[in-house]
Amino acid sequence: MADRRRINGPPAGTRPPVYASLKESKTGVSERTLRQRQPTELRKFYLKTGMIPTASGSSYLEFAPSAALAAARSNPKSLIPPSSALKVACTVHGPKPLPRSVPFSPNLLLTTHVKFAPFAARKRKGHVRDTTERDLGVHLETALRGAIIAERWPKSGLDITLTIVEAEDDRWWGDAPDSHDASWGMLNVLAGCITAASAAIADAHIDCLDLVSGGVAALVSDDASTAPRLVLDVDPAEHRSIQSACVVAYMPARDEITELWLKGDSSRAALEKSDGRTGHEALIDGAVDAARGANTILTDAVRESIARSFAQV
Amino acid sequence: MPLDTSTTYPLTKLRLDGRRWNELRLLQAQISTNPASSGSSYLSMGNTSIMCSVHGPAEGRRGDGGSAGSGHAVVEVDVNVAGFAGVERKRRAGGSDRQSTRIATTLRSTFQSHLHTYLYPHSTISIHISVLSADGSLLAAAINACTLALVDAGIPMPGLLCGCTAGMSGSASTPRDPRHDELDPLLDLSLPEEQELPSLTVATTTVVPVGENNMDEDEETMKVSVLSMESKVHATYLETMLAVGIDGCSQIRELLADVIKGSRR
Amino acid sequence: MNSLPSIAIPGQRLGSTATYFAGPGTHVHQNAVYASIAGPVVTDAAPPQTRSRPTLRVSRVTDTKHPSPSAATATTYKSKPRYNTLPAVDSIVLARVTRVQKRQATVSILVVLDESTSQPLDQSGAISDKEYMASLLTSAANPENHSNSDDLRFQALIRKEDVRAVEKDHVVMDEMFRVGDIVRGSVISLGDQSFYYITTARNDLGVFMARSEAGNMMFPVTWKEMRDPITGISESRKVARPF
Amino acid sequence: MSNQRQASSASQVPHLSPAELSYLYTSLSLPKNPIRPDGRSPTQFRPLSAETNILPGTNGSARIGFADGTQAIVGVKASVEKTILAADTLDSRSLAQHGDALNREGEEGSAAVSGQGEWVQMSIEIPGYRDDDALPVFLGEMMRESLVGSVAGGSEEVKEMAGGLKGRLVINKRWHWRLYIDVLLLSQPLAYPLPLLSLTTHLALLSTKLPKLKSTGEEDPFFDDDWAVAEYLYPRSNKQSSPSDAPTYPVRPPVTLLVIAVGENVIFDPNREEIAVADAVLAISITRSSDSENMKLLSIRSIDPPSRLTQPGIPNSENVNMLGGPPASSNQSGGQEEVGGVWRPRRGGVQRSVITRMIKTVLQKGGVGEEVIQGLEGVKVE
């Protein structure tokens, strides 16, 4: 029964407007911009720690806008951005005393919350965390708990909160929603979250074995004829279809993986003849190389923050 | 109008599923179906099937251990209706919809008084009920499944607590006229009948344990421990419904006794 | 000594366990010492009589002057409070009394003092420490911001028998502590799931800042008594020996 | 019963003492032949009893129970639903496509519409967990991801399975089936419940039937209400050697295996104690690809091993009440090296070589994956 006191919106929810400029001009529609980067070339990203004074540790990570996005921002032809660049803010609170109901734990209890801002993704996300966000939280917890030395912090809790200000695309916005509907953007978001969280934890002076960084690799096929090829740090908006992708949380000092998530059909892959690896092995190695690249930026950011705290004292 | 009981029954004296007014649905039951719990049972009355598992008198949680004078065990009931149970797939928000909470509270108060809980001070008996498919008289089937599981868990009780539903074949809103009363009481209602006709659930137990010899005069030792009715009926019909319900309970008691005796553990 | 990096980041190899002991802030992996937090690397020479290896640690506190790689003794520095430190066994903590019962007093831990300066704060100790501590404590002592910060701080218990070393069983808790006092105690155990256990059974431990009934700051008179400078009334506390 | 458990992604931490953990770890990490508490070989699975079509009110159902009492029941129900054409498909490119598709209607019909992932809805019910806890959400997402992702190869004789499961759910451009898969774990999860849930879902989907479509083309769907002529969700190939043995399926739903690595050994179907000491836990979803004979990998997820949450043992050197010896030097925080036989919660991740070995043992010819799928093919799903 309708709630008489409140004037509700249309029950079925509304659809975002479709701009007239799209319908008529066939040429006006920006075609999908294919990937200009080399297969093993990673995107640059900006990482800074220690910007939120009230948190024990904090960090902000932002990917550089892709060439197409930069061009679209300079002279916008249509109001829909061709691709999106990941922006993640991470805060760490702890070590905090545990609530009374929690049994005695000799180790640090890690709780991770991943939340998308309502405007982050192409489709608006509500304020209640849905399954994909909770799933990301579990993946992040697996990645970080491998790196933290938990038994040095008995009886205390560590809260890690990540706000995704702008998420990655799952596909090019022009494609039909069901063309390849697996959410490939989630893997890039997870990789960014892992790197940002690891920087924030280092900023909070929590004992870690190593700085964990996330890396993504994918098997993409731009035209149906050729077999899918391996690319690092994939931007789903730049490819016609993605066969399979993998995200890895990697610790370079110990050459160990703390978290692995591989999706899709990696059986057919165009690798060089000499390369004896199967599809998924090549994917995992590619993701590790991407993670190693991200790690260099992570170590510089942490070094900068220590140097900065020298200057202040 | 779909084929409903109140129009066709007066003509054929047969119900939708071909039963007479006093016939029970097919009752199949097994006990100790799940070795991981202290006691467990599976019971199906017609298409209503329920699995119940009892986690026997265990150390009470710290919270209620401290409550003064908890000289007896605390019974905890958790009812969960599966998504695929009803005709329409309905996902309850964490199983906390009205029906399952109503059944849980009724069961908790029933078994709190029925079981000999004074034998297990400072402990908790937790009963978990999963409704696999719901086709009417859910509370009655849950009571029977619980009784079987508690017997399997070896928790002492005065007698088998058996539940059954009874209803009237018409809307039974006008007073009963003894000369030409054409409404028959119905036993063990299925979902369409329960939705459409007035019905009540009654559960009885025997105070004195039923020995071999005194099978005949056990009528007056029967005690009603649960009586729940959620629909409207004229007071004059109540008595016939109760009589039919209590008779149904004793029929079910024999079936359950056979099940328990039948399964040599 | 091979080249010790002045600043270490987590996961950086510092040296092999053959030449160094691993101190706080580092961990051992395949007999090599790795840093586990980001910060300056400090080498503490082993105590002279035992010819064992020096201890390598990564300090959390960022020093004013560049930490000289030479084995400096306890470096004096104007230190920001050691944030993120967890009360460990034998560490000295400053806490505010939140509840006084017949058998115990519940306190919430405000600051954990650095173990290396855990011996009584000698005069030469970081004077700068005092003003910082003073500012923190006065703000903590005044009543209005008592409530909000309590759930963020670790809670601890001072049991009746841990209050003082002499006449343990004649202790009357009301004469020892009052709610709102600032106490210096030493942690004796991790305790149960929500409380640490601390003790004030040493001369230099106990109440060192308290407000009188009239509400103004009192000064210590004897080891059992503090007096209110304005009203002159003295109240009984378990007083810490002032320096 | 529903005490709020710490919502870590692994099942709750088992109550084993450090001594038991270290004993288990050494026995499981013996090079080449690990000794398992119940004497199984590293690739031996526990016996289970399975039955299908136990619930009359569902399109398909299955029940699988282990000998130790953990049981799972899966019910699959399907309902017809209107496909909402999302606005952004109305932009010019697909409008153009839509335009010419209309005028040559007969030729490619509904094949243009491929299925969507969210038509398959999965919910997992574990006693003691709220349904938005980390474990049910993680398991649900893992199984749904491999179910929806399994794009079948282009085997000719099964046209409607070309788009995988989600392709099968398409009725026409405006209507589709929505599949509700409800997984009910009946008892406390003694072991990590994933393999049990995935096997039960596998059998339930094989036994799922959808009513036969009588309407054709784009009109509103109308079905034959005789249940005997209903078609299977996963079509069966009719080349059956003899009616008695199990029917063969060209495309099967995926199966998720749980693999743990302890030291150098790779162990399958671990029970709860073995998971408690595992260095690494992987969930690998595979299916038999219809065109080539070997296994196809669908998804891999690493699970947080509960061994990181356990209590560390205290070596005798540091144990204060060991014959009154003076406590060792106070560099206790960084100092303890790996003292033999004393349990320390596992630190760090897992070597890459171990991961590739775990995946290879599942996917190689005659490996464990093939063995499980053959085992499942033996089950007669009536």
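Which chain is which? They are A, B, C and D, in the order written, and residues in each are numbered from 1.
Note that a contact is a pair of C-beta atoms (placed from the backbone, for glycine too) under 8 Å apart; a residue touches a chain by one contact, two chains touch by 3 or more.
All of these numbers come straight from a predicted model, not from anything done at the bench.
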{"item": "Shortest path length from chain B to chain D (each step joins two touching chains)", "value": "1"}
{"item": "Centroid comparison with chain B (C-alpha atoms), farthest chain", "value": "C"}
{"item": "Chain A-chain B separation of Cα centroids, rounded to whole Å", "value": "53"}
{"item": "Whole-Å gap between the CA centroids of chain A and chain C", "value": "40"}
{"item": "Chain A and chain D: spacing of chain centres that average the CA atoms, whole Å", "value": "24"}
{"item": "Sequence positions of chain A contacting 2 or more other chains", "value": "102, 105, 149, 152, 209-210, 251, 254"}
{"item": "Numbers and ranges of chain D residues touching at least 2 other chains", "value": "132, 333, 348"}
{"item": "Chain C partner contacts - residues on chain A that touch it in the complex", "value": "56, 94-98, 100, 102-105, 149, 152-156, 202-211, 251-254, 299, 302-303, 305-307, 309-310, 313"}
{"item": "Touch list for chain D against partner chain A, complex", "value": "4, 6, 8-9, 86-96, 113-117, 132, 134, 137-138, 140-141, 145, 148-149, 151, 166, 282, 289, 292, 296-304, 308-309, 311-312, 333, 344-345, 347-352, 355-356, 359, 363"}
{"item": "Contact set on chain C toward chain A in their complex", "value": "7, 9-13, 25, 27, 29, 34, 36-40, 60, 62-64, 78, 80, 83-84, 86, 151-155, 190, 192-194"}
{"item": "Touch list for chain D against partner chain B, complex", "value": "1-3, 55-58, 61, 65, 68-71, 73, 75-77, 79, 123, 125, 127, 130-132, 180, 182, 184, 186-188, 190"}
{"item": "List of chain A residues in touch with chain D within their complex", "value": "15-16, 18, 22-26, 29, 101-102, 105-107, 109, 131-132, 134-135, 137-138, 141-142, 145-147, 149-152, 173-174, 176-179, 181-182, 209-210, 246, 249-251, 254-267, 278-281, 284-285, 288"}
